[in-house]
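Below is a structure I'd like to ask you about.
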Amino acid sequence: MTTTIAAPADATGHGQARRRPRRLAMVASKGTLDGAYPPLILAATAASLGWEVGIFFTFYGLDIIHRKKHRKLKVAPLANPAMPVPVPNLLGALPGMTAAATAMMKGWMKDAKLPEVAQFLDMARESGTKLFACSTTMGVMGVKASDLLPGVDIAGATAFLDFAADADVSLFI
Amino acid sequence: MTTTIAAPADATGHGQARRRPRRLAMVASKGTLDGAYPPLILAATAASLGWEVGIFFTFYGLDIIHRKKHRKLKVAPLANPAMPVPVPNLLGALPGMTAAATAMMKGWMKDAKLPEVAQFLDMARESGTKLFACSTTMGVMGVKASDLLPGVDIAGATAFLDFAADADVSLFI
Amino acid sequence: MTTTIAAPADATGHGQARRRPRRLAMVASKGTLDGAYPPLILAATAASLGWEVGIFFTFYGLDIIHRKKHRKLKVAPLANPAMPVPVPNLLGALPGMTAAATAMMKGWMKDAKLPEVAQFLDMARESGTKLFACSTTMGVMGVKASDLLPGVDIAGATAFLDFAADADVSLFI
């Protein structure tokens, strides 16, 4: 991640070449399969363009970098009227429907040749993407340092703001 | 969208007039009625101020620019304790409650004189707002090019990052 | 909030000291307890670093600054497979489970020594954080001016965009 992008003067609006690479700062706050993909896809895309990338995992998003949970993220069919195959709510409440919706979306993701969450995380670490676990909400969510995947740093909201302050794009997902 | 806003020097912090209009970049990832309104309201507001606007529709958000689905977006009463009229969860699970919650919110939106989704999309196209359908997740969600409303371009995450890199405000909704 | 942070030249990329403090602009669109904490934690952190902070409460997020509702925000156990203690969906649909999930998360937040929502709001007002209630969605959500906590200003999306246009970090939560 040491690539320097020399953007044309008109791109930055102040007539000077950029001295640092573009930067993408994201907060990943969701622990569902469909909530994990957007930050991971954006991180991989930005890294491939030479951007610096940092993801700050907080609240349910901590599951994405949890040793045991990151391979078991699920899609909820309930209360989601936009789910591709609509599930009547009462049926959605039956045990087993979350598993079915998850299997269904995983199949589509495979068809679309999307890497799995674990592969995206490997790519992120290899490309130098910074992965932060939110120290404040680790306590709230009962996540211990030993629960985190290797390569994840524990940091507070101050670290996120410091990183995001100089980002070209910041997103809360 | 060719208006140039000459911002005062202290607004940009580097003592130079801006050479380009303000820009708003949004990702619209939700396919519910209440998830569609924020990007559409912000797009209309920003365009009316002379900003360049781009919306990147991904995952469930693809429903907002889907020929058949954009007129049928729904509100889920379930698992949403902040829903104005609280619906006990078990009752929310009964078929028909999603329709009731949707009708209710549509009524309020009409009372508040908010345009409907289709009207907001018309306004967006007329004002030059860029509408992108996420090529990566179209496959995952089973959305084909022929399902998209006219005036929508298909693009990847790279296109979003390119657009957002020079945006003044970027939001993931 | 009049602190001026003189950032090093390489932080801004254009070789000039900053003339204004850093700025964080947030939209708070969720009315759940777990949806309220991220903007409140980020606001308190940013303010403690001398940043200017503004939060624009819209849709369900209006509950966070509602006189009666801000002390009663809830966590929904349903349709949330990432909930720390998984609740089978059918069980989650039983009345009482929302209350149980809420009590559980409040307990963890207390253990993690997180202030309550009302305390965070007090801190925000004391630090000069700007609190805006979205005028467009107040009508949609049936929220009246008299329902709002003191210190909250009513403003439209234009006000948010004006504030966010010069923000270093903008987030939709």
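A, B and C are the chain letters, set down in written order, and residue numbers restart from 1 in every chain.
Here is the rule we use: a residue touches a chain if its C-beta (ideal position, glycine included) is under 8 Å from a C-beta of that chain, and two chains touch if they have at least 3 such contacts.
Quantities reported herein were computed from a predicted structural model and do not represent experimental measurements.
Taking shared numbers over all numbers used, the chain B to chain C interface scores under half, which places it in the different class.
Rounded to a multiple of 5, the C-alpha superposition of chain A onto chain B involves a rotation of 120 degrees. Here the spacing of chain B and chain C, counted between their Cα centres, is 21 Å. Contact with two or more other chains is made by residues 12, 14, 78-80, 92-93, 170-172 of chain C. Within the complex formed with chain B, the residues of chain C that make contact are 12, 14, 16, 18-20, 25, 27, 29-32, 35, 58-60, 63, 73-76, 78-80, 92-95, 97-98, 102, 136-137, 139-142, 156-158, 160-161, 164-167, 170-172. Interface residues of chain B facing chain C in the complex, by the touch rule stated above, are 10-15, 22, 24, 26, 34, 37-38, 41-42, 45-46, 49, 51, 78-84, 88-90, 92-93, 105, 108-109, 111-112, 114, 168-173.
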